[in-house]
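Next up is a structure, given as structure tokens.
Per-chain residue numbering starts at 1, and chain names A, B, C, D, E and F are given in the order in which the chains are listed.
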Amino acid sequence: MFKHEKQLLKDVRVDAPNPNYAAMLQEQLGGPQGELKAALQYLSQSFRIRDAAIKDLFLDIAAEELSHMEMVATTINMLNGHKLDAQNATIGNIEAHVLSGLAPMLTNASGQLWTAAYVNETGDLAADILSNIAAEQRAKVVYEYLYRQINDKGVRETIDFLLNREEAHNTLFREAFNKIHDTGSLKDWGVTQDSKIYFDMSTPGKYFDVNNPQPASFNNPDQQNQSQH
Amino acid sequence: MFKHEKQLLKDVRVDAPNPNYAAMLQEQLGGPQGELKAALQYLSQSFRIRDAAIKDLFLDIAAEELSHMEMVATTINMLNGHKLDAQNATIGNIEAHVLSGLAPMLTNASGQLWTAAYVNETGDLAADILSNIAAEQRAKVVYEYLYRQINDKGVRETIDFLLNREEAHNTLFREAFNKIHDTGSLKDWGVTQDSKIYFDMSTPGKYFDVNNPQPASFNNPDQQNQSQH
Amino acid sequence: MFKHEKQLLKDVRVDAPNPNYAAMLQEQLGGPQGELKAALQYLSQSFRIRDAAIKDLFLDIAAEELSHMEMVATTINMLNGHKLDAQNATIGNIEAHVLSGLAPMLTNASGQLWTAAYVNETGDLAADILSNIAAEQRAKVVYEYLYRQINDKGVRETIDFLLNREEAHNTLFREAFNKIHDTGSLKDWGVTQDSKIYFDMSTPGKYFDVNNPQPASFNNPDQQNQSQH
Amino acid sequence: MFKHEKQLLKDVRVDAPNPNYAAMLQEQLGGPQGELKAALQYLSQSFRIRDAAIKDLFLDIAAEELSHMEMVATTINMLNGHKLDAQNATIGNIEAHVLSGLAPMLTNASGQLWTAAYVNETGDLAADILSNIAAEQRAKVVYEYLYRQINDKGVRETIDFLLNREEAHNTLFREAFNKIHDTGSLKDWGVTQDSKIYFDMSTPGKYFDVNNPQPASFNNPDQQNQSQH
Amino acid sequence: MFKHEKQLLKDVRVDAPNPNYAAMLQEQLGGPQGELKAALQYLSQSFRIRDAAIKDLFLDIAAEELSHMEMVATTINMLNGHKLDAQNATIGNIEAHVLSGLAPMLTNASGQLWTAAYVNETGDLAADILSNIAAEQRAKVVYEYLYRQINDKGVRETIDFLLNREEAHNTLFREAFNKIHDTGSLKDWGVTQDSKIYFDMSTPGKYFDVNNPQPASFNNPDQQNQSQH
Amino acid sequence: MFKHEKQLLKDVRVDAPNPNYAAMLQEQLGGPQGELKAALQYLSQSFRIRDAAIKDLFLDIAAEELSHMEMVATTINMLNGHKLDAQNATIGNIEAHVLSGLAPMLTNASGQLWTAAYVNETGDLAADILSNIAAEQRAKVVYEYLYRQINDKGVRETIDFLLNREEAHNTLFREAFNKIHDTGSLKDWGVTQDSKIYFDMSTPGKYFDVNNPQPASFNNPDQQNQSQH
């Protein structure tokens, strides 16, 4: 069950309306690396997870991403201001001025409607967690791009918070990944010869080779730290 | 902010796995009249609402629809059972057997991916509430179609509950609509001659006419009841 | 059978080419609240209607919306002018300048391709008519947004006409709705307890309650007028 | 302006309901080679055509394709019968049974929603007419595939009629094409060396060569006949 | 099997970065008439072709179109320059500045994601070749539109090359078409009366007539030349 | 430049036609975890990579995935057999029987058209490589699902090969990832307090915590092996 509190997860503010930046920020509301995608990906994956600890992690983060989505949408709403004027909306999509009456929408910055094609779920925990780690890394990258292109202090504070939360989620998903060694699609990795060959299909250039294929596992920073003591 | 409780809004159960019905029920998870659409439509619309009572109504229902989505997805997950076997999945989409590992997905019954094109938001309260009333009516219709095609008692209980909740939401949205007379797009209705003419563009047949155009308003059942006393 | 007359339903003209406004006006040609959507929604719904009067109404309006689409497209074509120059197309989508050779297209203002996901049809007359009332209200809203952002007198006349026609359709659909009391999805409304409960899912705030659930019905303005005499 | 006559362009009938074939026939209502695509492609292209004869041809055929769409939809509606039962809908999409209440829909046979991505328009008459010739040929092919898979005599009569009409349109578009020699994108064809070279990019095999590049023109059967006398 | 050589099919260069033109040129990378569409259409069609010469032609051109795609993408990458700044991206989509970090993307100029709905394949050689002839003509038209709107000499050289290659492909597809007379969907053309009638559905205006329906065949320029000797 | 060799990367064969399995196998031709997506994702990402070794790796694998796509499509073509008969196509999409004339298509198993929404590219090497590792893991999972549901020995050999190649790619991408420590989006990880907090948003349950956030890095199996000596 989801419950809603009108208090935002973290308050947002903007120094001034900025319709062009509102369009740009739409990227993280309704784009492929945005908050809605993250929330729905983790929620969708969670339904079939049996490990209680990992299921809890997915649902904690899903609920938080929904709450991020609310923060992003509220910020866009403020940035859109109160003047319907597409002539001043020269960056990206103009739907706020001709369709939604300045309300935030489920599109990316250029107006592409959100699609569930952005969501990856496989029913395999290893594949799903790797998908989520990659998704968090991409979300961080997009927030960095957006951060660099705005001076508004209120917006910067919000992006800074969200960006760092993606790092925290990334760290947590990696920790979860390290708990599922040798399960699901990680089992029996690198058994046949076909998994050990490099095909040199683009010439010139040959730099890599497959040596000793192993399923993915992440370095454990805490263990690393201990070993350095 | 959204918080999640692992307790479902109402418990769900199924008498037995039923992969074909799982595909059918996907319609209300990821289809145009489904729970995800309802939740995201009301949430999206809510960001720009200034009337505190109506904003609260939209958010109450949005959170409940998210919780319905969770009930529908949990039911699909149970109906999918534990056997990956597309040969027995002869009704509708087969993605549970080739892609999602039996997890519920954000598609309709036939596999069309969910799209934000299903979501209507205009920034105008009258238009948005009318959209929501229509959406609730359509959701009820789809649940009726699904109810008729299943004998599983657990599933029927869940559908019966959800269907009746859509009725409750419908009633509430109409009550909200009656509070906003003569505002937004309801103002100055039927002023020009063009709004008072019937164009007979399909022949033969001519049954209707425009008499005295007025903006929409719903009968108030309580007032009706009172006037009958 | 559809027949075409080269005479427009109502002549259109523009004071001057205006490529940016051409892009904006695309919203009502190929967007979710546009004329193509309306025409195809009513036509699609009509195939299964048995009530001759209501079927006639749907087809009258569908044919008229197709004729509106032609007016909108002709206007866009005029606004696009004769100069292929994306550098001057700084508002919204630029496809007229790189793809369609200045011809109007089936996209919205920002270039999202028209999709049948915009079309709602349920086979249930109550749900379909409510969908259409909502669609007409939304179309009116979008025309209002577009009207405010153009000074071209020719364009304003056309939008004014189309906006008022949506009001007329809205009025007619409501009249049709009031003829189908207690049929289809309107039957047996508010029977179970679940349809009579308010779930307070967003806090703080609690303003509404479900009292006496009734299926939707619209006030009849003519009866109202009579009762005031 | 479009006017609608309730009389179909040609009456349709079916021997018996056939929900599976209804799903299959959806391909020509809402698929990429279907009647809606044809109608909207020719209509969209027509808005910018200045040659009165060719514009008339496009609009004649557009109106006829809309009327074909009506015939196909009416046939699907009959084939869907009156029993909502997805368990018997084992071929293709099942939306008629879970969403549309047995009404025909704007999807292809497998449930993919119609999209304007199917529509090609370039503002160049040569390119548009070639697109239409190809579209008519593809429509014929799909009708042939559908014809072979049904024994219902009523359905076969309708498909036979529609298939032959596509041939007629194809013939007409070719005649129009032969009127526009050396205009638009047909001008200055094969001028540079790059237009006269064959790149052998798939090995083994080399069968073709570019000799004397000329813009497309179709054989004129009547002239051929005359020259044979 | 596809092999890649890092050497481009033809070197590309740009005089200077030009983010707005980068967005415009996206049309031929990820738009409906672009290189990706062409490559995937011919490749998809090739799998079922049995005629070795024609299959070879399709695969030669498919591989070349992939190589064109690489040229277009490399050019866009250069045009995007090195400065992430959506405020200067006032034409078309802005995803390079908020999502892809200035990398070329699989979208059209306005940000619509590439979709396989652009690809036509029927398993019928006549229909597929006609589709390809039309596709090459449309691709030429779009390159002409783009050529006119840029002064950068490097870009113009590349477009000029690509445009002429589309002409060469067009010529080759027509030659292939003339080899398949009276096969597949070209057989038994114009047999019934329905294929010989003109329906005058748009009034006023009546200019064409169906005289002697024949399947499509292209003039053979070499034979023409010979007959002129 | 791409060159094509008609020799497949590895020969494919099927024991017998199997139209239903042909539909299922479409998942890896035109689905979100399929070969086309992989090829186009790595190719798209490669355009902006400056590190020669990593660029080479991306292009080697992109070309190989295109060659895999050819193997999958050839297999589907064989499985489709030679009989157009949708009545026997009871699993998944039926487009082979009504649209493509038994040719393989760019759709998933249920008929959803391929969309570039499946492709992730960010211009950041860390994010892109993590996306690719996840993509390879998901591709492996889908091949496992498909392998379990077919007894045809020819098909099983092909899937076994492809599945093991995804493992090889996965291994290589991880090796590449370990070369880019402390660059791009991996820099300055875990600096603010917000990146070190766990939000417990789903109750009951609290299992994880953020201790010492570090950017992702994979265990190096060779180093591990060495350290065990």
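Criterion: contacts are C-beta pairs under 8 Å (C-beta built on N, C-alpha and C of every residue); 3 or more make two chains touch, one makes a residue touch a chain.
If you're wondering where the values come from, they're calculated on a predicted model, not measured in any experiment.
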Legend entry - Fewest touching-chain hops separating chain A from chain D: 2
Inset, instruction - Could you tell me which chains are in contact with chain B and with chain F alike? - result: A, D
Inset, instruction - Report which of C-D and B-D is connected by more C-beta pairs in contact. - result: C-D
Inset, instruction - List the centre-to-centre spacing of chain D and chain F in whole Å, with centres computed as mean CA coordinates. - result: 35
Inset, instruction - Please report how many Å separate the Cα centroid of chain A from that of chain B, as a whole number. - result: 28
Inset, instruction - Please report how many Å separate the Cα centroid of chain A from that of chain F, as a whole number. - result: 19
Legend entry - Residue list for chain D, restricted to those that touch at least two other chains: 2-6, 9, 32-33, 56, 59-60, 62-63, 67, 90, 92-93, 99, 101, 107, 110-113, 115, 117, 122-124, 141-142, 201-202, 205
Inset, instruction - Draw the chains as points, connect those that touch, then say whether the picture is a line, ring, star, complete or other. - result: other
Legend entry - Complete list of chain pairs which touch one another: A-B, A-C, A-E, A-F, B-C, B-D, B-F, C-D, C-E, D-E, D-F, E-F
Legend entry - Complex interface listing, chain C residues touching chain A: 20, 23-24, 27, 31-33, 90-93, 108-112, 141-142, 145-146, 148-149, 201-205
Legend entry - Complex contact set, residues of chain E against chain A: 2-6, 84-87, 89-90, 92-95, 97-99, 101, 107, 110-113
Legend entry - Residues on chain D engaged by chain C in the complex (per definition of touch): 1-9, 30, 36, 40, 43-45, 47-48, 56, 59-60, 62-63, 66-67, 70, 73-74, 76-77, 99-107, 113-117, 119, 121-124
Inset, instruction - Could you pull out which chain B residues touch chain C in their complex? - result: 9, 32-33, 52-53, 55-57, 59-64, 67, 115, 117-118, 120, 122-124, 126-127, 130-131, 133-134, 137-138, 140-142, 144, 160-161, 164-165, 167-168, 170-172, 174-176, 184-185, 189-202, 205-208, 210-214, 216-219, 221-222, 225
